[in-house]
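The following pair of complexes shares a single chain, subunit A, combined with subunit B in the former and subunit C in the latter.
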Partner chain A sequence: MHDRLDISMRANHVFFWILVIVALVFAAFASFSGDVFYLRLATEALILGGLALSIDILLGFTGLLSLGQALYFGIGAYVSALVLREEPSFWLAMGAAGVSVLLAGIAGGLIANRVRGVYFALITFGMAQVVAKVVYNSRELGASDGLIGIPVIEIPLGLITLSAGDPLGFFLLTLVIIALLYSVSAYLLGTPFGRIIIALKANEKRVPYLGYSTWAARMAAYVLAAVIAGLAGALYPMLRGFVSPELLFFATSGDALIMVIVGGAGTLAGAIWGAVILTMLKSVIGSWTEHHLIVIGLIFMSAILFMPKGIVGMLKPFVERNLLRNSARQPKPEPERTAL
Partner chain B sequence: MKHNLLTTTTIAMLLASSAYAQEAIKIGVLTPLSGTYAGIGQQVRWGIDQSVEEINAAGGIAGRQIELVYEDSEANPAVAVTKAEKLFTVDNVDFLTGTVNSGATLAVGQVADRADKLIATTVSFSDAITGSGCSPNVFRVNARAGQQSEALAAWLKQEKPGAEVYYLGPDYEMGRSTVAAFKERAESVGATSTGEVFAPLDSKDYSQYFGQLRAARPDVLYTSVAGNDTVRLFTQMNDFGVSEGLTILGASGTVTAQNINAIGAAAEGFITGVGYSVLIDSPENKAFTEAFRERNGADPDLYGADSYGLLFAYKAAVEAAGATDTDSVRAALEGLSWETPQGTKTIRAGDHQAMQPMYVVEVKNGQFTIVRSIAGEDAIGPDTCDKF
Partner chain C sequence: MTDIMQVEGLCIAFGGLKAVDGVSFTAERNKITTVIGPNGAGKTTLFNLISGALKPSGGRVIIKGKDVTGKGPAALQEAGLARSFQITNLFFEMTVRENLRLAAQRLEPVRQALLPLRRHGRAADKVTALIERFGFAEKAHEIVAALSHGEQRRLEIAMCLASEPQVLMLDEPTQGMSHGDTEDTAQLIRSLTDEVTILLIEHDIGLVMSLSDHVVVMHQGRKLAEGIPAEVRADSAVQAAYFGHG
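This part shows the complex of A and B:
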């Protein structure tokens, strides 16, 4: 009747829709006031939200702590950058980045999924560091200087053509892409396959007794997360016009992890909320004081102490209660999508 | 508006309210205030603050006071581009400087191109900034990596004609490119290369390379290791007697004030090329170093000195152009000559690289001593920029 996962996902959708509405109001306001900087900063926040989303699939649903998710974000960004420098085509860059991170995710998954727990965290951390060092020392990839000169591309979208240099247009496109990544993740986690993944987090030892392969489910979750991180990463050079090895460093993975925890692990929408909040906070506090790292650290610590479930995680029970009450009033508990 | 810089802005406001009603010229300083390069960022900040205090006290630029807006680049290009966009579009700065790591300078340079603003770096070494990655909106007033090599090569030509040189570098991209750059310059002045070897960063034991080094029988060893690696390399060479009869040249970061005491006697005779030293014997430098010590309680290093000099060039350019718009200031900066603690600097119009006298320094009795100065024209190297 009232499936807990279904209610939980519908509550996540509520938070995601609030984010979309806030984003649209902000975009309208920003374009009306002629702002460029905050629109582009918000676009970057959404792109980082894609990375955070991929971490949440692993941490919040599969129960895997990845400390190296920037690996796939960075591979997506570098492949996209290399393609765009040769051929300024949005679809080609996204396609190439998607295929590359799919392969990289399978390779990384084969290595990382041999171990569990803290060893998984260390292996993912190690893989990202190794690849970051290789990029850092490869002159063909721009070495420590990174790659600049990525052109501002025109993005053909059927009827209209959009420029990556148009802050409003690119912001909306990024919002659509992140919404797609969110929807695909939410949909997959709602399927029977998704329930196996969630069962892994609850009790991995029992899953084989139900007749399912834990390895295949973990692998699938890992590759899915890699592809999401990579597709988000592919948008980065279109926005900023460059890539640098820092995108693969632990600072990127660590920041994204903080976004997930502040927003609320296991809520999907919380990861993106966390990205938006942390990016905005960093910008404002960074301009306000040079001791911004201390302030961000204190905020992170208080978030963990006082809101261990994160912002969305803390507010979610209220929404769930409302959803339950609403569905109880209806004669048939049909999953009513338009009600969202 | 937010200011991190109380003293300067207080002075600026006092002067502005009393004498000048004109709007201040805003300059963004995007430099690492936290993280690995915070120490360099500190020197940049001291140098720029000091020059702004002096310029503002003397009436500003064409009667307009300078107002600085600081942002922390965290030495991360991804952070730096975001902050640069903020400085250009929200704070509306007229000019931007302070970037330290070359990746950040290149990426911020591209932001400047797209925003049609000018930036200058006072720190980044990478030859790409005024070479293959040059941009009409990017200037560099410090010596690039190639100028150090040129200065050392000029010294080699005069002091050790036809030298046989062996190269030992740290095994990463920067190490390999510094060795490659110096090797090319050394060979062009008639030196013979007898071999090269790359040791991993943080090597504990360099003795494994000494066999190859001795077998090659060089007169000169060039190395670009840095920090504690230099301490180990030099002391081990000394212990094994490898350094006898060998002249050791190196990059300017190889032996510094930070590690010279740890190296001790093994540093004796080490020679490098630098763009600045507190020992430069000129009245301008004496006045500068004294004021710097008084104000900041520390000696200036090359970053502090180059950053101090920059805004005097900007002032000269704006006053010559009579405007602060990008095209006028760019045209005025190209070919500009101005006085700095290091001597006269000239911005080469072809690639926006400053020419400046370079100094060859040698460690004598545990102290850096200037043994020769090389004229700016001899150390600049060819203009390889083809973008403008």
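This part shows the complex of A and C:
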């Protein structure tokens, strides 16, 4: 027998693997048919999936509702863009974005973690709006136009060199990076550190008596989420060749939150599924009608009413039951000990 | 030194109400010290002051010679203290095993906090032993919310032991339990004195008299009397205030 939390995480992995397989099949079809538009769109969906993933760590595991996660996504994107304009190096851009967003996450966490609940949500919202407005009004950062003319970079990956301008290659690279972010998140949630994060959501008041500072645990989760959002954001200018203040706006944070809820909060894989589904829907519905926001809004409302656990959250119990049955069938010499 | 904990003149007031008003006592190592008193006497508040849930406005708490007054619950856990709650306070959506695992993980060095759980043998062994000892083998993978009240109360005690504390504070551990469960819990508490010093709040007077080495009686925030059970029972002030018809 395994802990429920372990089984739950393994079920998440199943959904993530299905996503990877679907992505690879899609990539094969797209490259055969010579498609560029949908490969680019799918790459964007995965990048937004990284943002959604970071929201899920907070909402689905720590129990914190961030309404301004686009702040870190945007900072990652802008720092990456600024670096790439000076020095078209993938690794430098990712490194600089990672460090900036780590520092920004610490600063933002020090502010937002002074309060709880609704106030936390409002502060995260406020911080993102303030920074977005500052960027919007800074000529050095391209003001409302954003930063354009980011060069198409060559990405050295040891044996091969990949061009960000190659739709298939960059799609696959993004898939690998999102898979890494997913794996790191899933790994950390399976450690004693991760269990404390999960305990915060389950019953924050009990955590101090286990010998842990709830503030420090919340802070760590917040900074982790910021870094994940920022690293995903750093890929954005490589894909689109520009960044704009919209990346920091509430529309971005709110969309990503919808992705998490539609996909299934607390499932990690659901966040990325949600990003893929919503991005595709937006594009498809957008080609039918100008009023795609109304349609998306209606879909979101019905998702909450009829699938409150989200798509992955709804399907997960079936997978968990199977995993439990399989792990029960395997004879274990020392069951209690190997269970952990 | 046989005193493991000294409480000196602890005070706190809520608005005008002096909930705990200059209470002092000492707890002897590996003994059971029980705090009794009518409802609202300030027993839980006294526990809150000792365990760091509330900051006292006056007085001191000393554990193993170290002044821990005003420190938070996490620091007191570090100092070797564990407490249970009058109102069951567990991780209800998690399983019995996961709850115990959380409580046991402080046994491992903090620098291993980022290693996978299966690499933490000491905590895992502790959890396995507690599941055995508390009779949770059948229910180890049950969600805590699905346990009976008695089982939840028992898990509260097991959670406290998971971190191998030196001082264990139990706030009405038998509250709401059936007669049989109460008897079992008393047995269990008695068996714990080999490992820990116990500070107990208990309503069942029969239990208090049979379990306690030392009794502290509280009334309206103040300490009314203290002594061995027989002395306290014979005290006329205690009889008037607590036993009512004495």
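Here is the rule we use: the second predicted complex is superposed on the first by the 331 of 340 C-alpha atoms of A that agree within 3 Å, B and C clash if a C-alpha of one lies under 4 Å from a C-alpha of the other, contacts with A are read in each partner's own complex, and residues count from 1 in each chain.
Operating definition for what follows: contacts are C-beta pairs under 8 Å (C-beta built on N, C-alpha and C of every residue); 3 or more make two chains touch, one makes a residue touch a chain.
Since the structure is predicted, the reported quantities are computational estimates derived from the model, not experimental observations.
Q: Please work out whether A:Arg139 is in contact with subunit B alone, subunit C alone, both, or neither, and reply first, second, both or neither.
A: first
Q: When the two structures are overlaid on chain A, which partner does A:Met219 contact: first (subunit B), second (subunit C), both, or neither?
A: Neither partner.
Q: Kindly classify A:Met314 by the partners it touches after superposition: subunit B alone (first), subunit C alone (second), both, or neither?
A: A:Met314: touches no partner chain.
Q: For A:Arg40, decide between first (touching subunit B), second (touching subunit C), both and neither.
A: first
Q: Where does A:Leu188 make contact in the superposed view: on subunit B (first), on subunit C (second), on both, or on neither?
A: In the superposition, A:Leu188 touches subunit C alone.
Q: One more residue to check, A:Gly149. First (subunit B), second (subunit C), both or neither?
A: In the superposition, A:Gly149 contacts subunit B only.
Q: Counting contacts the way the document defines them, which residues of subunit A are shared by the two interfaces, the one with subunit B and the one with subunit C?
A: The overlap between the subunit B and subunit C interfaces on subunit A is empty, containing no residue.
Q: Touching subunit B in the complex: which residues of subunit A?
A: 36-37, 40-41, 44, 136-139, 143-146, 148-149, 152, 165, 240-242, 244-247, 251-252, 283, 286-293
Q: Show which residues of subunit A lie in contact with subunit C when the two form their complex.
A: Checking each residue of subunit A against subunit C gives 1, 3-5, 187-188, 190-193, 195-196, 198-199, 202-203, 205-206, 208-213, 336-340.
Q: Enumerate the contact residues on subunit C facing subunit A in the complex.
A: Listed in rising order, the residues are 51-52, 72-74, 77-78, 82-83, 89-95, 97-98, 101-103, 105-106, 108, 112-118, 120, 124-125, 127-128, 131, 140-141, 143, 163.
Q: Flag every residue of subunit B that touches subunit A in the complex, lowest number first.
A: It is residues 2, 4, 33-34, 70-72, 76-78, 81-83, 85-86, 89-90, 101-103, 106-107, 109-111, 114, 126, 128, 133, 172-174, 177 of subunit B that touch subunit A.
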